[in-house]
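Structure in structure tokens, see below.
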Amino acid sequence: MRTLHAEWTKFRTVRGWVLGAVGAMLASVLFLLVGTASSNEHPQRATALSAGPGGGAVNDSFYFVHRALSGDGGITVPVTALTGVLADPAGAGTAGGPGGTTSGVTPWSKAGILVKQSLGQGSSYAAMTVTGAHGVRMQDDFTHDRAGLPGSPSTAEPRWLRLVRTGGTVTGYDSTDGERWTEVGTARLPESATTVQVGLFVAAPAAVRASGGGSSSPATATGSFGRVTLSGSWGQAAGGWQGLQVGDDAGTSGSYTPGTSGGWTTTGEGFTVTGAGDIAPVVGGPALGPAFTVETFLVGTFVGLIMLTVVAVQFVTAEYRRGLLGQTLASTPHRGRMLLAKAAVVATVAFAVGAAAAAVSIPLGELRARATHFAVLTVPTAVQTRAVLGTGLLLAATAVLSLALGVVLRRSVTAITAVVAATVLPYLLAFGGMLPSGPAEWLLRLTPAAGFAVQQTLPRYDQVLTVYAPSSGYFPLSPWGGLAVLGVWSALALAAATVLLRRRDA
Amino acid sequence: MSGLHPAGFRRACRAEWTKLHTEAGHGWLMVALVLVTAGVGAAVSANVPCPVAGCGQDQVRLSLAGVSVSQVLAAITAVLLVGGEYGTGLIRTTLVAMPGRGTVLAAKATVLGGAVLAVGSVAVLASVLAGRLLLPGAGYTPAHGYARLSLADGPTLRAAAGSVLYLVLVALLALGIAAAVRDAAVAVGVVLALLYLFPLLGHVVTEPHLQRLLAQLGPMPAGLAIQATANLHHLPIGPWTGLGVLALWAAIALFLGGAILRLRDA
Amino acid sequence: MRDDVGIELAGLRKRFGETQALDGMTFTVRPGRVTGFVGPNGAGKSTTMRVVLGLDTPDAGHALVGGRSYRSLRSPLTRLGSLLDAGALQPSRTARNHLLWLARSQGLPARRVDQVLEQVGLAGAARRRAGGFSLGMRQRLGIAAALLGDPPALMLDEPFNGLDPEGIRWIRGLLASLAAEGRAVLVSSHLMGELEDVADHLVVVGRGRVVADTGVRELLAGVAAGRVTLRTSAPLVAAEALSGTGAAVQVTGPETLGITGLPGEAIVARLTAAAVPFAELSTHRATLEEAYLALTGDAVQYRSADAAAGVER
């Protein structure tokens, strides 16, 4: 404890180091302002992203043939086909027309039934749907997804879907014959919503290609539904079904292919519905477009990291250079304890700097985004908090790594370069787009740069297709997993430093 | 003010060269420069596949990828050449022996530039050779539209020679900064920040104009444009213009370093 | 005597923030003698030397080496050899290589390096890393660097630091022989005793300016003339006899008096006339240390305290 206090006194009495730490925080924030200096040239493309019930940004855009349901009730329908149209990726058609199309269905195109709290963007819902390539699914509130029957529907083998609302609970069933039903799952809607919108919906997320850093092109889907069976008390105000494009634009999830638009027709007892877009959480990658993420707002971390590395390395190499180490070791003969105390001091300072800078940067970045007409990919508060604390821990671990390498290498220049080259450089190489995703992911798994994963707020969902690769801002490791890799590096370096400090003469 | 006497400058160069080659650390850094440049270049050449014709990769750039890693070694050498002297107090001995401060910096720049030019040439040649041997194995074959890597090819020669100059200019930029900052640790932090922050910011910024501007102004992204041999018209900045931007950065840094060296007490 | 080889400082002023480090420093170092440069720590000795070497730029005044400013010299080490900070070297470079680059910078041949290494007694350690040198060896290496250009003037800052008695003896001899060869030699020290028997001339500084610029013999004589110790069995009678002569008398012991302001012969005459018995009268042979203390502010305080103690007794 006395050692700790001594090391803390040493740190805070060197003006350059204190200035370096405070400067690291200010520079981080300043760097963010530089990064968000310019305005969006196409503000119309940046419709604000809605937030779903969980707090994360969502796409809520699809074609909906709906009517109101008050109280309990149910809807049952067979889906006989799901077809679609894809825009040519190059955008240049063969002959005539701005862009050609081919027929095809994207894997997560949807045709099914939906119980939605309201027509408002991001409102709570539960859906049973047939998909392009993933069989029958029950999805609710954007982030939840359960598998039902496999395979695709046809006239001979339709997929029967059913949703039953009882109080605040919606239960989904599927069936191949309309007689033997299997429960797929249940979802909860807010109790306050007495009247909900129920009906048929079709959505088609954009087609995504991973090649060339990832790109996307519009897709449209058409669902063929059989006879609809309703139970419960249904509003008759408008005399029956109404068609509506929910979400004016298709959000970031795609838009209609050339020459198509959303709509519905009745065919005999059934319906044919055409739609595009998606009901799903927003993810990163080619489909996201020019939106800001929390990661964007944390770009200043790099400045802070470099400055803190300089301070942390000098905190120990200064003792070598000025011959202070002998004196320090004389007053603290236990060398390991001295090193731990130093590590504790720089880690605490770095954590405070990182967390404070992040806590300021995120709201400031959101303000800047609003001022410059950029959409912001909002994330749940818990995720944001993780990013803030994670940034602090990231810098703390880097500071410890710096300190330890300062002991191992003894030369501040070499140590600083080693730390920056081990953290920032792999990040730059992995995300710079030069390396293909394989080597890029290995860099982000093995090097200390893995720690930056803790700042990732872009969500990853199996039910949303994008390029989940470094080129889209996705780390191969989970946030805490990545930070743990950096932690292991720091711990190893600290252990090596302790051993060397004991063995070597001061 | 003492101008540059040819004789004095020659002596200063001989003195600085003696310092450079009698310091083992510099030698190891130069060896590392060759190994890292060629090693990273070979690793990238062997591991970035070209599975189909028209895979869109620039094979010359891939084989020279090591430069973007090894540039820090050129920068460290430069920083130690000045900042190291401030750390030990040797700078005072240097300035007592050679009171013409402009001459000292010019001599350091000449000797450093010459050393990095020589070592950088070896490093880049080794990279090109590694690329020549390894790239066909990764799919860069005539069938996929790639000729065998050769310095007889104009753009390849330009990229290779330019990469050597890039290393020299990065070293000079670092030298100028070290002379201006007068502390090796802080200097290396500034150099690394200057090199890396532009591309990092460019990666985060979504607005295309700002992104382009960052790629045109940053010493690293602009300077590395010299390595491009494909899609030249899509680049934010032309190869030689880009290297010119880096040269401008280096000139500004050296001027600043020289001015501070002259004006401040040692 | 070559008049143009000395070091000449005129009206040097230099301020570091709040501190006036140099406040009109003016003196000349002449060839053929060792000039001691003395003053307490912080008196401006090192700053003066740094200004002479062009490391610091003075706010006012100028310093000339052989009639020219240092920064205009083409081969400065052949005009003025200097030792500022013996630790100012790259620890991983060998002693020989350290001198080699210095020689290259002056256009001197490598053989000169071996000569000076021999001269300072480091020939055996020439190929060892200077970082492993003891403080004394570093001082020798620094002196070798100063001698490298065979300069007509030398300026050494605290060369005795870290040397063992043998080393101190060696450097004294070296300084004397350098001066005997007609070189101008300036040696700083904060301990006057170190310059005893070496310096021919003294420049005493305090608070950034020259307090005294005098020959060592004159300085010693001046102090010695002023102080006489008298042993007598009747100190009070003796003090009585000397009153009214302008002499200041202090009781320094039960049977001793310290007398200043009256030459020894006059005291003897006076005491004999008054028939005061005395056992011994000695004219004080002052050490340089005492002469130095007599010139500095500290000395005044020291003497008054001493006097107060004497009166109490």
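Worth a mention:
Think of it as A, B and C in the order they're written, each chain with its own count starting at 1.
Definition applied: a residue touches a chain if its C-beta (ideal position, glycine included) is under 8 Å from a C-beta of that chain, and two chains touch if they have at least 3 such contacts.
Every value quoted in this text rests on a predicted model; they were computed, and no experiment measured them.
Minimum number of contact steps separating subunit A from subunit B: 1.
Relative to the whole-protein C-alpha centroid, the nearest chain centroid is that of B. Placing every chain at the mean of its C-alpha atoms, the farthest one from subunit A is found to be C.
With centres taken as mean Cα positions, subunit B sits 36 Å from subunit A. Each chain gets one centre point, the mean of its Cα atoms, and the points for subunit B and subunit C are 51 Å apart. Each chain gets a centre from the mean of its Cα atoms; for subunit A and subunit C, those two points are 74 Å apart. Counting partners per residue, subunit B has 25, 84 as the residues that reach two or more other chains. Residues 50, 53-57, 70-77, 82, 84-85, 87-94, 97, 100-102, 104-107, 145 of subunit C are the ones that touch subunit B when the two sit in their complex. Residues 25, 44, 47-49, 56, 61-62, 65, 68-69, 72, 75-76, 79-80, 83-84, 87, 184-189, 192-193, 196-197, 199-201, 203-210 of subunit B are the ones that touch subunit A when the two sit in their complex.
Remark: subunit A residues 31, 34-41, 212, 290-292, 295-296, 299, 302-303, 306-307, 309-310, 313-314, 317, 321, 374, 411-414, 416-417, 420-421, 424-425, 427-429, 431-432, 434-436, 438-439 touch subunit B in the complex. Within the complex, the subunit B residues that touch subunit C are 2, 5, 7-8, 11-12, 14-19, 22-25, 84-85, 88-93, 95-100, 265-266.
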